[in-house]
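Okay, so subunit A shows up in both of these, paired with subunit B first and subunit C after.
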Partner chain A sequence: MLYDLIPHIINGLALGLLFALLALGFMLIIGVMEVINLAHGSLFALGAYVALAVMVPDGGLPYAFMEPYYALPDVPRYVIALIVGPLVVAVVGAGLELCLRRTYGQDPLYGLLLTFGAALVLEEGIREIWGSSEYYLPIPRGISGGFIAGDLIYSTYRIYAAIFAAAMIGLLWLFLNRTPYGAIIKAGAHDGEMVRALGHNLSRLRLFVFAFGAALAAIAGIIMAPIWGIRPVVGVDAVVPAFVVIVLGGVGSFWGAVSAGLLVGLVVGLTAAFATDWSLLSMYLLLLAVVTFRSRGLAGKASVLES
Partner chain B sequence: MSMKAVNRRSFLKTSLLGGAAGGAALFGPWTHNRVYAAASDKPIRIGLTHDASGQFANSGQAEKRGSEMAVAEFNAKGGVLGRKIETVWMDTETNPQTGTRVAERMITRENVHFLAGAVQSGTANAISQVAQKYGCVYFNTNSSSPTESGANCHRVKFVWDGNGENFSKAAARNAINSFGNNWLLIYNDYVWGQNTNAATKKVATEYGATVMDEIAIPVGTRDWSSVLLKIQQMKPDVVAAAVGGDDFKVMRQQVHDMGLDRNPAWINNQQDWPDIFGLGADAAFGVFGTTWYHYLDLPGVPEFVKQYQEMYPTTRISVPGNVTYNGYVAMRELLRVVEEVGSTDNMKVIKALEGRVMTAKDRMQHFDAVIDANSHQVQQTIYLAEGNAKPRDDTDYFNILSWSDPEAIRSSAGDECKLESYADTPSYDQG
Partner chain C sequence: MTLPAMQYDRRETTAWITRPILVMAVVFATLPLWIETVGLYQYLGVEVLIWIVFALGFNLLLGYTGLPSFGHGAFFGIGAYAFGLAQFEVWANLWFCLAAAIVVTGAFGAVTALFLAHRRGIYFALMSIAFGQIFYFIASKWTDVTKGEDGLLNIARLPADFGVAEVSIQSNTALYYFCYAVMMVLIVLLWRLTNSPFGRTLRAIKQNETRVAFIGYPVRLYKWAAFTLSCGIAGLAGGLFAMAQEGAYINIMSLQWSGTIVLIVLIGGGFVSFWGPVLGVILYFVARDILGAYTEAWLLWFGLMFVVLVMFKPDGIAGMWRGWVAPRLRGRGATTPAPRPAESRS
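Moving on, here comes the complex of A and B:
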């Protein structure tokens, strides 16, 4: 029994790291700017689509003009996609932040409505450019296919994606805690007026944070695309678990989000293995159970802003 | 101006009569009759209930293209009964509640003569309940739960796709002989998946398979890794999957990614063309069923493909597949029947459709098809296919393995169908 359980635990942890990756950008924006960015899923989808355009000839870019580029091997194109995708989405995110400015200091509902509207606009924009068909984001041969572990075959790409997610989590933590920019971001969230009084441009800071959060959403989109596929509504698949992870972990808490991601991954993974029809529901039952006893989530008190 | 005196007795009498008439209008009769002044040269309006969002958005738009092709074909010939054909389309969002709302609106506000379109069985069932309430003839073009022509059949509903049992019958015996008799069944946990799975189980056990387990997959599942690990641990010979729409796309991707697409053997009930187009032959894994393929070596097929490409030169799905085909042949048959009976009256149309034989040549299939008079399902040729290892071009994903005579794979779901009587079906004609 235990022997049968081990692959599912490992799989659940790998899945958990991906859930945490999904939630990083969402966490940053909600934690620092107190805006629930419902466009997170659409930015996630846009990142995947831009990566698609960079990776394949019929992915949205003019082929004739780009022909020499598409002759490049898949590894450099994939690396370029991982850079260009987040940059493009960061610009879109910055634009969205400019639209959001009029809602600062107002009822939070305005921000919520604006980002919801932006999500719809982005999704329709994607449909307009790429259509509603399914796409598949190719990945370099070295990280595709399965590998044999004992009696089982497991996806090489999932291992790569989990390691990538862990690395992103580590890098983001280092950025927030070991760089002066990170310190300003945290301080800006804690006391914006003080940051302004110290001579920092608060507007620029917010612009940067939102663009950075959007770029993180795009990175998650590119990493998840080979697993989930690419279609205009794929953002909905992302925003719901991201929201669950954030609330479960404690709004604004970095390690809360990471540990909640891992917990959700484990619970969903194990439930899918042994009671599959409960797998989707298990995530919400977990949220319900935690929020019932800890209304601020697992680490609601120790947010990155307060540390 | 004369004034008539109203005494107490006449007032009471008038009130009682008025009340009785009002009550009758409110409480009965239950049968709705929407019959408008007879024919005119006004256009024949057809309500298209094709999805544009949700799980089957892509397939919904594919069948819409098929319906529109048939309408354009008739309009180019001057319409039907000398009247132009108009379509009214509303997105049913792959959602039964929306389906109900759209059908209600199409009939009561848009005054459509007929309804056509559906991919998801839950939505098709919802639309057909409204259609039956009013008596409006409804064509379920692409949803293939056995219940659509079984327990949920209706006098006004005609089901144009092969159903899960047709596909299972076509595949089961071959799969047991070729791959083994230990079967694992996985299915989407909603009406189509549940009923298709039940049909597969019935057929597989009849042919001697042992069902190891049945796994219900919630609709909207995006991570299949745990299920795929479980499948590996159980070591079945065959996995029979009744998974559709976006869930199927995600499953296929993850099966392929884990390298499980060859072992165990996969039987995927039906592979809809919009779910696979653009992904290459590798994505067509396992053995699966379809009702039509654009490289069938049959008269009329190249012409139909050409007609599609001329009408939709920029559509990403550059060749029609089974979903568009079903949309097309269904609409074409509806318009032919209206022409033949010389009316849009629902009873005349229903009676002309029941038991109607359509030749193989006309339908671009290998065998004649017939609309079963007792279940209203089109009994037609089912093709078994696999991914094409030697494609002739970048649209040639399927290798057709065999085709089955409709009689050999006839679904028993119709045994559960109890069609409403003609008398219990409201008369309906929008004139």
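Moving on, here comes the complex of A and C:
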């Protein structure tokens, strides 16, 4: 019984690492701007759509003149998608941050309403360009398909997704903890005014962090796309696990977010093992359970979310 | 760090019927006579009235209590399904079915509110999204009851039985006047409610929940009651909408519709005015029919307008009216303009 569950546990871990990646971007934005970015899921979806346009000729963009480009083998196109997607989304995220500036220092409800409006605008924009139908992101042959070990079938892509997400999380940790830029971001999350007093440009820091968080969401979106499929409404389904992870792990805790991400991913992955239709529902139920019983997270610390 | 306040003249808040209520009564009573001459159609009037009911109920939460519910479309949908199921399964009587829509939705709202009443801000917002999505999921998967993606079809516009006489509301015009009557009654009741001690407490909670709790009010009970009441009204609107559409469909429970009502109420100026939701609904439907004639993507433009309003003028249309038009109409110093959020910027 437990042995049969191993593939599902691996799926759950892949999901969890992607949730953690998504949530870490979300957390950086909360930390530096004290804004709950309800559009984070839409940025996640946008990343997947941009990757789709880069990957396939009929991915929504009528680029007839790019025919020679689409003749390239799929591996370089996939790598380009992984670079272009986050860059485009980072620009969109930077634009959103510029809009958000007017709400800093006001009631947090305004930031919430603004990002909620932005989420709807992004979703409508996606519908406008790509339509409402569901797409699947093609992946290079090397990481698609499955393999058999023992007498169980494993999906190669899920293992690739888990390794990729884990590598990204590792790089992010190195960036935040081993570079001077990371130090400034962490200081900005701790005390923005003090960072400004030390001569750093706080506005530029906020712009950069928002764009960076958006790019992380896009990467998670691109990696998740072959697992979840690409739909305009996927944004909502992505912002919820990000939020659950942040609440459980505690705002500002890097490894808290990673372990909470793994926990949430396992719950969703194992629900999918028993009732595929209800795996998304389990995420919402988890949110209710977490906020109702454990709104201060596993570590039990108060956070800026409560303001 | 507070939200703008509702401010009304004392002469208005103690009256049952005020000037804006009379204007509403006259404008909407005559609407079927002139709506076609301005190039629109009768059914639009029905939709506008139903959405006004929904929006006024929603503003009890957003504008009066300061609670951003992003899952309210679910309750609108529950009302529509409850109306249809009551009609098919129990008793095809208009009053009974409408009452069922209100009570069932109110009951769902009451249970939901148990989880939400002690939350505020971001927790409240995300919990409301979660509940909205859960109800949406259940409605779309529980096909035995809701017929899933197909929706409940053939919901009848039941005749209004007044004991001595039965009035058919089969035609769009008749249904319009029925909805008109419902809306006017609701407006007067809500106007009294929002200016009662209960309504004033809700407004105080919006301004400073902690302080209201310290004074000794049972804040959670008030928030629970506001949520339940708001859901009951959403259920009423949903029931009327099921009649108007002659069916109940799953899409009205989706997050997109829940978002639409937030957009409508805020653009109209629900934060500062009782009448904000009404203005928002009118603007929304005019925009839908005029912008919609030119571009499929009109909701995108409407959303962008919302984003711009949140940035520059979160008081919405009602706020603009108060700030710029009303003082000029009434001459100098007759009104105090509502405090702008800019003044409270830290």
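We adopt the following convention: the second predicted complex is superposed on the first by the 257 of 307 C-alpha atoms of A that agree within 3 Å, B and C clash if a C-alpha of one lies under 4 Å from a C-alpha of the other, contacts with A are read in each partner's own complex, and residues count from 1 in each chain.
Basically, a residue touches a chain if its C-beta (ideal position, glycine included) is under 8 Å from a C-beta of that chain, and two chains touch if they have at least 3 such contacts.
Being a predicted model, the structure only gives us computed values, none of them experimental.
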Contacts of A:N11 with subunit B and subunit C, given as first, second, both or neither: first
Touching partner for A:G125 - first (subunit B), second (subunit C), both, neither: second
Which superposed partner A:Y49 touches (first subunit B, second subunit C, both, neither): neither
First (subunit B), second (subunit C), both or neither touched by A:Y135: first
Contacts of A:V233 with subunit B and subunit C, given as first, second, both or neither: both
Partner chain in contact with A:D151 - subunit B first, subunit C second, else both or neither: first
Which of subunit B and subunit C A:W255 touches, first, second, both or neither: neither
Touched partner set for A:L280, first subunit B, second subunit C, both or neither: both
Shared subunit A surface residues [contacts with subunit B and with subunit C]: 233, 277, 280-281
Interfacial residue positions of subunit B with respect to subunit A in the complex: 52-54, 57-58, 61, 189, 215-218, 220-223, 225-227, 229-230, 232-233, 246, 249-250, 253-254, 257-260, 274-275, 277-279, 283, 316-317
Touching residues (chain side subunit A, partner subunit C) in the complex: 36, 38, 99, 102-103, 105-110, 112-114, 116-121, 123-125, 128, 233, 236, 240, 243, 277-278, 280-281, 284-285, 287-288, 291-292, 295, 305-307
Residues of subunit A that touch subunit B when the two form their complex: 4, 7-8, 11-12, 14-15, 131-136, 144-146, 151-155, 157-158, 226-229, 231, 233, 237, 268-273, 276-277, 279-281
In the complex, subunit C residues that touch subunit A: 1-3, 66, 68, 70, 115, 119, 121-123, 125-127, 129-131, 133-134, 137-138, 141, 254-256, 259, 262-263, 266, 296-297, 299-300, 303-304, 306-307, 310-312, 314, 341, 344-346
